[in-house]
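Note that chain A is present in both complexes that follow, paired respectively with chain B and with chain C.
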Partner chain A sequence: MSARADAPLVERIARAHADLRPRLRGGPAWQARRDAALSRLLQRGLPDRRDENWKYLDWPEVLAREFAPVTAATAEAPTPAGLELPGACRIVTVDGRYSPALSDRSLPAGVSVEELGAALDREPELAARLRVPGEDADDRFALLAEAFTDAGALVRIAANADVQAPIHLLHIATGAAASHARLVVEAGTNSRARILEQFLGGGDGALSNLAVEVTVGAGAQLVHMRLHEQPAGAAHVETLSVTQAADSRYRQQSFILGGRVLRSGLRLELAGRGAECEVEGLFMVEGIRQADIYTVIDHLAPHTRTVETFRGVASDRGRGSFNGRIVVHEGAVKADSQQSSRNLILTPLAEINARPQLEILTDDVKCSHGTTIGSLDPQQLFYLLSRGIDPAVARGLLTFAFCEDVVARIPWPEARRHVEELVVGRLPDRDIIREFV
Partner chain B sequence: MSSSTHDIETIVGQKYRHGFVTDIESDTVPPGLDEDVIRMISRKKNEPQFMLDWRLKAYRQWLRMREPEWARVHYPRIDFQEISYYSAPKRDANAPKSLDEVDPKLLETYDKLGIPLHERARLAGVAVDAVFDSVSVATTFKGRLKEAGVIFCSFSEAVQDHPELIERYLGTVVPVGDNYYAALNSAVFTDGSFVYVPKGVRCPMELSTYFRINASKTGQFERTLIVADDGAHVSYLEGCTAPMRDENQLHAAVVELVALDDATIKYSTVQNWYPGDENGVGGIYNFVTKRGDCRGRNSRISWTQVETGSAITWKYPSCILRGDNSVGEFYSVALANHYQQADTGTKMIHMGRNTRSTIVSKGISAGHGQNAYRGLVKVLPGADGARNHTQCDSLLMGDQCGAHTFPYVEVRNPTAVVEHEATTSKISEDQLFYCLQRGISTEDAVNMIVNGFCKEVFRELPMEFAVEAQNLLAVSLEGSVG
Partner chain C sequence: MPQKGELILDVRDLHAKVAGKQILNGLTLQVRAGEVHAIMGPNGSGKSTLAGVLAGRGEYEVVSGSVTYLGQDLLALPAEERARAGVFLAFQYPVEIPGVNNVYLLKAALNALRKHRGQPEVDAFEFLGLVREKMKLMQMDESFLNRGVNEGFSGGEKKRNEVLQMTVLEPVLALLDETDSGLDIDALKVVSTGVNSLRGEGRAIVMVTHYQRLLDYIVPDQVHVLAGGRILKSGGKDLALELERRGYDWVRQEAAAA
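Showing the complex of A and B:
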């Protein structure tokens, strides 16, 4: 394994780490963990296009970027304003580092936030239960993130807390350098909360790499909306790992509307009996942008349920891929799983790749998936044209309506309007379409 | 339900009916593979130089290749030096010219398989090019086919009699270095079938080959090449059974189809090789490369397969839709019972304009069987108006088995319409109850439901095969439900 083709990259990473190591914060526990992550990474290397789950990624674009992260004290750059949600409590990270100065001082009852590194040094049991990434190729960027994370962030929702205020996690990238970060969200037993993660900033040539871990306690309900609106030059790789305990509900909505290359990997484990998840997403790729979505949902316990819905729109030279795997393990009887991926290709040079996969290892289940790739329905188009609507506008309206399948389910009206505005902004004839929607 | 479950278990536990070894002297070379073995095969078969060069090219590529590991199948590593690469039934200098001259023991073998060569052939209007191990023994109905201008013969005969056709088409659909097993096949194949249907000819009968693996420890490397010239039409049937033994056998065949302008090729398979016993011991490894090239405009290639046998099936009959308006079809029933593993599916590569493809795949898993559908639908930028519909259904019987779906859909043209849908289910208690309360026994009910599940595929099979396929399923899977 050591003789992999990416050896120079791994060496680059090792050198960058050696330079940076003395300046990384955190106590001995966190330091030891980072070193372990680095040595695992150097041993196993990063995936490449020969790995089936990474074959569609625009590797030259990712590898051309600097992997060494920015050091501290770049947080002086002007921070873009995020979405304003009424009553929200705002938590800001800058290049992956929790920034108390930019975050709200008072948090709603039951919510706490701190640096992950500090918490790990203080609580050995947290270190013990925190997942060690990097087992398979899907997870290597999480390993990279762990090796370089300076402090990270830990958001906790206390057991039985019913948090009404939206928790707005604003990730801001500064400049054109790389950043690696780790975010941990723990939703306690029977808690309820709604989180909005928003990604802003990052110049041309920037690479941000984020590893997120979410644990949803027994009976907890968590809504997790993720909004990517990085500028068109930034690259972003993220690895999400979600674990759900018995009878928990988790709903994720991710909107991939920015970035030159955006790779989003999700591994979700329905580990407890009766756990249910809804995973929804929308990507729009125009220009030369690329979105590469990979999700794995594991049904590990009986009576678990999944509804996965993805919509994709590709135009110009945009490339989008959806690779979704649902695995029903032995013993996960009465699992119910539905997956749908619908995609639009609007122009001749655009490309969509879809891999909806089911792996089923027990018989008493209900599973289905459906995928379509095509252009707009000519009959719907004709209907609008026959009413005197301009062809370009008609196409725009139908594309907008297609995206509404997912957008209309955003829980906050302000966020919904914001996303609709972003969607319209990616359509040709946007000015006219705004009048209609 | 428990008493009927017991009955079903006896049915499921049935021994493989086609298990026997015919005792015929074989001319077998010692196990092992190097360039000398390939030269020897080529010399024994009296092949022209271009064939030897081609084989050696394949062998040299094969040496540099790695065994594929991406399929969802597990098996001990194969030692390719342990296999004997040539085995031909011994015969006198004069090959049999008619059925009467064929070794009666061979004919007896076919009888046991339920293929009375002459009678069935005449009754059903089927010409049988029966392949026994690696060398074709008898070909019937040559006369009638010759009248129509159709060439249907063993591959070795074709190399002798029509080298220009072989040189022109061999390896143009599946190149020597296409994949690990195809490269191995190209290097060492000993025989197979060759069909050429000339311009404007509709083949007067369905062509059929029965394959059979016989001598112990002999991997069988078949090569089939079917060429349908402009406006030609041919339907080809392939059926397989193999005798029982404990050692795993490798079978790495290659099938190439070429359809020129307005031509149609229909290729049907019933595969019932030895699947191993109920503990997963023994059975055939079936690593096959099948590909059709719709080279001409308005051409059509249709694959229909019923896969009930083999310990491991690794097989993806594909269509390259190169010609404008060409059509590719794939209909499949794959069954995995006991410890069988099936990883099968298709590839539809849309290159020409207005190309259409249909995929219907039915997977049935029982016992500890693992059944995977793996398919690729690719629409290239030039394929305006391409259309694909894929349907994958899985039926699970028992909580130890698995059903998997791994489709790849890659579209690079905005006018394409591609749809994929898949479902997984088991035989519902309601369906069973409905049948039972009308006095239908459990096994009949299961049989009926499974046949209904597979109907869309069986409908595509030629009549004789449809009957055989239903019987096969009835024996292989009834009652894996309790």
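Showing the complex of A and C:
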């Protein structure tokens, strides 16, 4: 164990891959992609803390984890309950692998789900269509996922489908070893759907690595809520890639409320004219937990719009970072981009780093960004105290209210209440606050 | 509850600073149960500082002097304990707290008072009845119940909300910090009705104001002129009318001559 942990990372990866290769499933198209990904990965290695976009990640904690993936034999699936959303269609993945047995049999009209490998075998053109992770460091974990996995889920929303039922993707990690997985979501032209991804499970030694690829077709509307509530020992790295066609609407809400180390990277391309996105998020880090949020939003076409809102709360020795870049490319005239990052540090040893970056490469755009890092507003605090409210309760209420800003916008009441519970559970005076909210 | 005529507030030779600057310079004031006091004075005279010091605002530093409230040292109590003991400040600029529900805060505040007095928590049904009744008095729409504290309220709505809280919490000592500022005449009447509903033998009200107009609706027993951090002159309600007519300079000159 110790020998492996000390060996250079690429050697560990190469060795793990050699062990696994005979057991990896999938046809030649899938195999060819995996091999290509592995050789690029071995050439370039994973990023490290010298890389600007990875410098806040708790690398020792990540590198101490097992990189060799869970094999089918170890993937015994205990099934955590997950959120009960009325009328939802539930799709379960276990260590990244789509589990038809645990998933709902009947899907709403216009929705199809299948194992990514099976789809690739059947539709060779899908392999050509799927994104190939890029060369830069941002994409290196996506490359790792591509090299290692024959697991993944493909969710398709048919063109013009108006899916009312929430699509609940429950990702369950079984713990122990690593998992590398892919999720592909294709929202067809003029479709409408709402997806909730929920992450549960994952033990102290586990590393889950997920690459998510979302394409939002022309005129499509997709709501994508993501809820991380892994146990406090889990490590999770994810690379999201979202591409939006003309006049599409994409709203992402991510709640990063779990995991020992959680790295979430997003690259979103507003590729078609008139595409609009809202990216909202909340991270809370208490104890020794860490959250590392990195987002890049590219305005590539005229009349594109972004509203990005992130909130962060750190207490104890928790550490969080928000590194958000918005690039308005040449030709993206009349782009409208607003970014806000507000952060609360509740205790002296907690830490938050916020790095908003705005690059404007064209004229005639409207852009704004704002970042704050601070403690609770003393005026608000005094107002509550002057009404006889206990100081610990007042601080808790104000912190909760700070988070509510994002939480209140969750589209399903059951999910909202669930997240509120999680938020309260991460407040310093959680026991006192609980009766109040 | 104090008896009529009992000393509720006894401020003696109070000196206080804000950000290193001396604002109160030997202020002395006695307020008894059943009385309504108006404290008037030009800008910067220390009116809001007095209200803030009494309510326990953190940024004020008391240099010397004493404040006794119902026989106890008020300055030794943190803000939340002053509130629980029956001191209420209606803010000049009530802060907005999105995400903290307005009616929820009111209930928590009432329960904090009740707990302090050894009473059980208020019954939810009874509480709602009480709040609805007081909202009617304050001519507030019920939609205010479910909004965040002062969130998106106009200036006048915020002031009504302050007085609504006051009528529900029924303080022993109500401090009104320029509650009339920014109100049109109709809102002023409503706010005054709320304040007058609290007048009673066991309570006292101290209003800080710029304008005599408020005193047409809430008639004070005593009027004090505060300037340079001290009370220069005290009198009955006619003093307010005289100030309205003659301004503050003559009071300053009179005090300087004496």
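Methods note: the second predicted complex is superposed on the first by the 426 of 437 C-alpha atoms of A that agree within 3 Å, B and C clash if a C-alpha of one lies under 4 Å from a C-alpha of the other, contacts with A are read in each partner's own complex, and residues count from 1 in each chain.
Going forward, a contact is a pair of C-beta atoms (placed from the backbone, for glycine too) under 8 Å apart; a residue touches a chain by one contact, two chains touch by 3 or more.
For clarity, every value in this text was computed on a predicted model and none was experimentally measured.
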{"item": "Fit or clash between chain C and chain B when superposed on chain A", "value": "fit"}
{"item": "Partner chain in contact with A:193 - chain B first, chain C second, else both or neither", "value": "neither"}
{"item": "Touching partner for A:356 - first (chain B), second (chain C), both, neither", "value": "first"}
{"item": "Partner touching more residues of chain A, whether chain B or chain C", "value": "B"}
{"item": "Touching partner for A:330 - first (chain B), second (chain C), both, neither", "value": "first"}
{"item": "Touched partner set for A:347, first chain B, second chain C, both or neither", "value": "first"}
{"item": "Chain B versus chain C as contact partner of A:374, first or second or both or neither", "value": "first"}
{"item": "First, second, both or neither for A:365, with chain B first and chain C second", "value": "first"}
{"item": "Where the C-alpha centre of chain A sits as vertex, the angle toward chain B and chain C in the overlay (nearest 10 degrees)", "value": "70"}
{"item": "Chain B versus chain C as contact partner of A:410, first or second or both or neither", "value": "neither"}
{"item": "Lowest C-alpha to C-alpha distance for chain C against chain B (Å)", "value": "14"}
{"item": "Intersection of the chain A residues that touch chain B with those that touch chain C", "value": "none"}
{"item": "List of chain A residues in touch with chain C within their complex", "value": "377-380, 382-391, 393-394, 397-398, 400-405, 408, 436"}
{"item": "List of chain A residues in touch with chain B within their complex", "value": "52, 330, 333, 343, 345-375"}
{"item": "In the complex, chain B residues that touch chain A", "value": "70, 381, 394, 396-426"}
{"item": "Residues of chain C touching chain A in the complex", "value": "55-58, 78-80, 82-84, 88-89, 91, 94-95, 97-100, 104-105, 108-109, 112-113, 116, 148-149, 165, 169"}
